[in-house]
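The structure appears below as structure tokens.
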């Protein structure tokens, strides 16, 4: 947070997928997975990206990771626009941006031991070329993520879910990244383990000065870990603010509904709470609604909402919302 | 096994000595003869094709001017078929044939001399666009004349000892002149002959059916009501057909193992006829490739082969048997054994042969362990076992030979291009006649099918001399000289072992005699079934 | 759906064209040609070079390759397969009877395979890891291990030795004499069908096992449905899809000809014709056969896709 | 309220490569008429297996019920013949599963899957069943039900499929519905919809419900009583209000403390339960939670604590140190 220039700046990111179509027809269509998203991350901070499935949060993460080439927009990382780079030029940047996946099991090669999984990128990328030193480094990494040296000889299936996610984190750390995209890193884990992993991520951030883009659907987890939060709906950011402002005083009706929908583990409070239940479901990104994409489900929508596309505007300092009624 | 070999020799001796149908047995009428045919004809035109797959099912529909005496086990004696009698002029240049009267085509029309002339004109002087397989072997004929409806006259350019035999060719079906006049290709897809059987049906890949011609000119014949040829490619299925008594006879040949199995399974129900077979694999050397331009090297190659021992071993596993020169043993022009033993490679003392071979190689400067490639054709029987045997024989004189097998259809194209050092070649006669057997070895410019890329005017001259020698003894002499020069002195090409034909057939089949050629004796006019 | 069908039909054209170009060129790269195969060898010594040239000209083999190809394509477009270079007869005539036999054998063998495979596979899956399952597995592995021609030889020898009887040697079309026809074809159909059933049995078993583990089967059981109904309505329809592919592709392979089995049973089918056509360098016939087999494969594939769509609404409504 | 379902000492085992696992180890719980009971715990604690054991749907041959009784309206379900049990399933007790994506048969229409139960259990004719099916779809909030009956599961969104599952479960008007993680796979806003729907329907139809979940929030919102499971056993049970307000088992306490909550000020650091979930093949003689427990004493390694009264009416917990847990300030969660 000392550096004034953001580590990552996403400007007007658009990612469209073409579906169907082909040589002789079939219903062709464009899925507007990400439709004009802008936000930035400062060094050492965490930005939470929340939203329901299909809102485009994962695609945004994949674009930043350069696993998808954006349709348009800029992704400026450490001063360079990644969208303008070719594969060779991208290589050093790929190392600096790492990812932690939701399901650590499917992202770990089942035929390699934990030690091999961690040593491989060290060798391939020439981070630790000497074999002997690599072993030391693997032990170090395991220690960082709270695993024991003997875990290096285990295979992924011999570990519990939490331990596997620790391996996933260690693998990301091995590359000495500055940015880690955490894509639902705890949602597959048991409740009692989630807290361990969240604490670990926070510890690592402090120790190594990491920057996180934290993609999740669990609003309470996002609140806990994030400095800033962006709420996405149907490919767009509908609200963007610092944590406190967003949770204490949400502006967008969608954010409000989301927060209201989260059940709270307190029966007394739940009995008293007002429950806004949104009607309907998230529309298909193949045919997004006109105007404000949220208007068909919005409890406060007025006739104008069907016509006007609301811009994300700063309603309060550092707190933007895309709603004409906000 | 030794006991068995003795038995086989006995069977062979009996088969060669006496016709299987003694005269006292009275032929029985009726029945359908069923026989598998291992190959199928591309077209129906005997003048054009060269596969026994045509002869076996189609020959019974036709007559030829002359034919080979069906009771002669050597398959060399021409007798009349449509010709009742014939005369030759003193100078041997004009042959006049008197035709039988009352011969009718299957459509009822009379056969006359113009049909014979038209047929032979098609064979010898085919118009443009008409294929004739054997045009080359009638180069001697100047003209064919039909002076009256029952006389045919051939005028020759020079004397030819083999002329009558060549008119007995099983291929030279007499077609109907009127049909040929309209369409020279008609016979490729249709049948219309004068033969003992008429055409019923042909189902491609499956079978061919003929039935008795009730108006056959040879009164009393044929004995069979009809016949059915089954096109069966796999030898196992052919054997099964005989074994299961679904078929009576297969006219090409079985292996000795098949014969033994059938005999074991069916005992007296099977009669075995055997004969040396007018087919042979030989070795051709490429004179353009060193060191095979050196006749010492070529002689060494043939000297290395111990044919007598080879015969004993190979006859058990392959369809070869007799040790022979250029003519099928047991036939009039065959080399007597005591003479054959004087030819290089046929000496009785194998050690002496090998010593001589080594000496020759040394003299020619071929180093010990010299290696070359032997080209072989991609057919299992009998090419493979023969090649394996020869390579081993050559190893014993210090040669290191690698085999290179080329797929059958591409093989002769490769040979013609001269893309070989030493190669297997093949010759198979449809009638036992030195002209046919020796033609192969004329200089390469005279016969491109001689792949040696060599010229030998002495051989060419000897060929002509034997071909024109009307005296049998004189002809024999020339043939011996030819053989000595070809196999021994020059060794352009040399023989391996004669093939051996084995016909184990149902004992019900009578009136059929094995000959050295699987193209002969398939008119079926005298064949009958005991039940 | 119609669009899907039309699209797939149109896609066949480039596929077949590709096959055509490939086989056309491959055949001509191989040394030797039909004239060579016909006149040289045995008694070719009397055939002159001129005569061979004449024969080549007659068959159009002296033309430049592109002209030969265009001529062939032109014929194909008019659905005229041309004449066999070997026999001179129309190719349609050459293929017709053999195709009928191969088709019938393929259908019969497929029926045998299906009738064996589906019930056995289902039973094995239901009785997983019991002696019934092991029995079925041994039976199907044995089918894989025994080449069908070998089984064919065993059949023939068995019939011959035990019953002193052989199947008919000659193919009688079904419509001429069904009894004779069956007497001949039932044996190869059993031999081939048994072998081909092995793969399908294993596929049925594993597909069934997989489906039985699916959540919706548990849902169906939780609804209190009868076991038989669950199997018939819920499990089989899902499990049959991969089995269908296996069986259909096997059918296409069978139709392409069974060279050795045809030889053993002396069947006048496409397989032997194919081998002989290639050995004789009968370009036109080989080409026609390749196109026929390619078309069969494409059509079978297409049919499987349609069946898939019919059975699996997820595809139908995509 | 009368007891509808009473599970007594239910024990279910699985044969795995690591040995025999007691997924459910002598568990007792009950559901009264019209009530909503929760079974809470982390994955592998045996909560789903408990429900499947009640339905006798534990996947054989690996899994089998080895002991106990399941008394439903006084009859022991475990003693019924398979055919008698089949008549109970879907008719008397229905089940809703976690994955609406995979729990519906992809190749059968929604109508087919809805009507088959009606035809079998209620003997309806196909037209009658179809009419009722349309009614049911309407009841669970699926618009245009008549048309939708002809559609296939993949044409429905996740939320719609779960509505469909609910319709299927309620089709024959059962007296008990076992809902196994009914909303876990759904988005937050849809989750809320479905839970509201279930609560509403159970109230209107008077259906008793067993909700199986790991989500403490869901439990708090909907359950009357809560059973907390750990390693195949119930470690605490009580009314929802009391259990949340005064957890008596260290595990329950740990769970409540470890989740970040929107209703509280953000804590600088979360309080996780340390260690890993237990490996059921490696359980010792003592308390299964002992290795992760902050209250453990020597006795915990050797002696397994049984459930004993821990406060108000029906509040029980299985811990030797109930008193110490109760005295911990953090144990009063709010």
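Letters A, B, C and D mark the chains as written, and numbering starts fresh at 1 in each.
Note that a contact is a pair of C-beta atoms (placed from the backbone, for glycine too) under 8 Å apart; a residue touches a chain by one contact, two chains touch by 3 or more.
Values in this document were obtained by computation on a predicted structure and should not be read as measured data.
Trainee: Would you say A-D or C-D is joined by more C-beta pairs in contact?
Mentor: Pair with the higher count of C-beta contacts: A-D.
Trainee: Quick check on this structure: which chain has its C-alpha centroid closest to the centroid of all protein C-alpha atoms?
Mentor: Closest to the centre of all protein C-alpha atoms: chain C.
Trainee: Averaging only over C-alpha atoms, locate the centres of chain C and chain D and give their separation in whole Å.
Mentor: One centre to the other, that is 53 Å.
Trainee: Provide the C-alpha centroid distance between chain A and chain B, rounded to the nearest whole angstrom.
Mentor: Inter-chain centre distance comes to 87 Å.
Trainee: Compute the distance, rounded to whole Å, between the mean C-alpha positions of chain B and chain D.
Mentor: About 91 Å, centre to centre.
Trainee: Taking the mean of the CA coordinates per chain, how far is chain A from chain D in Å?
Mentor: 31
Trainee: Two or more other chains touching the same residue: where does that happen in chain B?
Mentor: Where chain B is concerned, no single residue meets two or more other chains.
Trainee: Can you tell me which residues of chain D touch two or more of the remaining chains?
Mentor: none
Trainee: Can you list the chain D residues touching chain A in their complex?
Mentor: Touching chain A: residues 42-43, 157-160, 187-193, 195-196, 214-221, 223, 240-241, 244-245, 254-256, 258-263, 266-267, 269-274, 276-277, 292, 333-334 of chain D.
Trainee: Inside the complex, what are the residues of chain C that reach chain B?
Mentor: Within the complex, chain C contacts chain B at residues 30-32, 36-49, 51, 54-55, 58, 86-89, 93-94, 97-98, 153, 156, 160, 164-166, 169-171, 263-266, 268, 272-273, 276, 279-281.
Trainee: Would you pull the chain C residues touching chain D in the complex into a rising list?
Mentor: 129, 213-216, 218-226, 229, 233-234, 237-238, 311-314, 317
Trainee: In their complex, what parts of chain A are in touch with chain D?
Mentor: The contact residues of chain A facing chain D are 52-53, 160, 162-163, 190-196, 198-199, 202, 217, 219-221, 223-224, 243, 247, 257-270, 275, 277-278, 281-282.
Trainee: Using the touch definition from the top, list the residues of chain D that touch chain C in their complex.
Mentor: 55, 57, 59, 61, 86-91, 94-95, 97, 99, 102-109, 112, 116-117, 120-121, 152, 154-155, 165, 168
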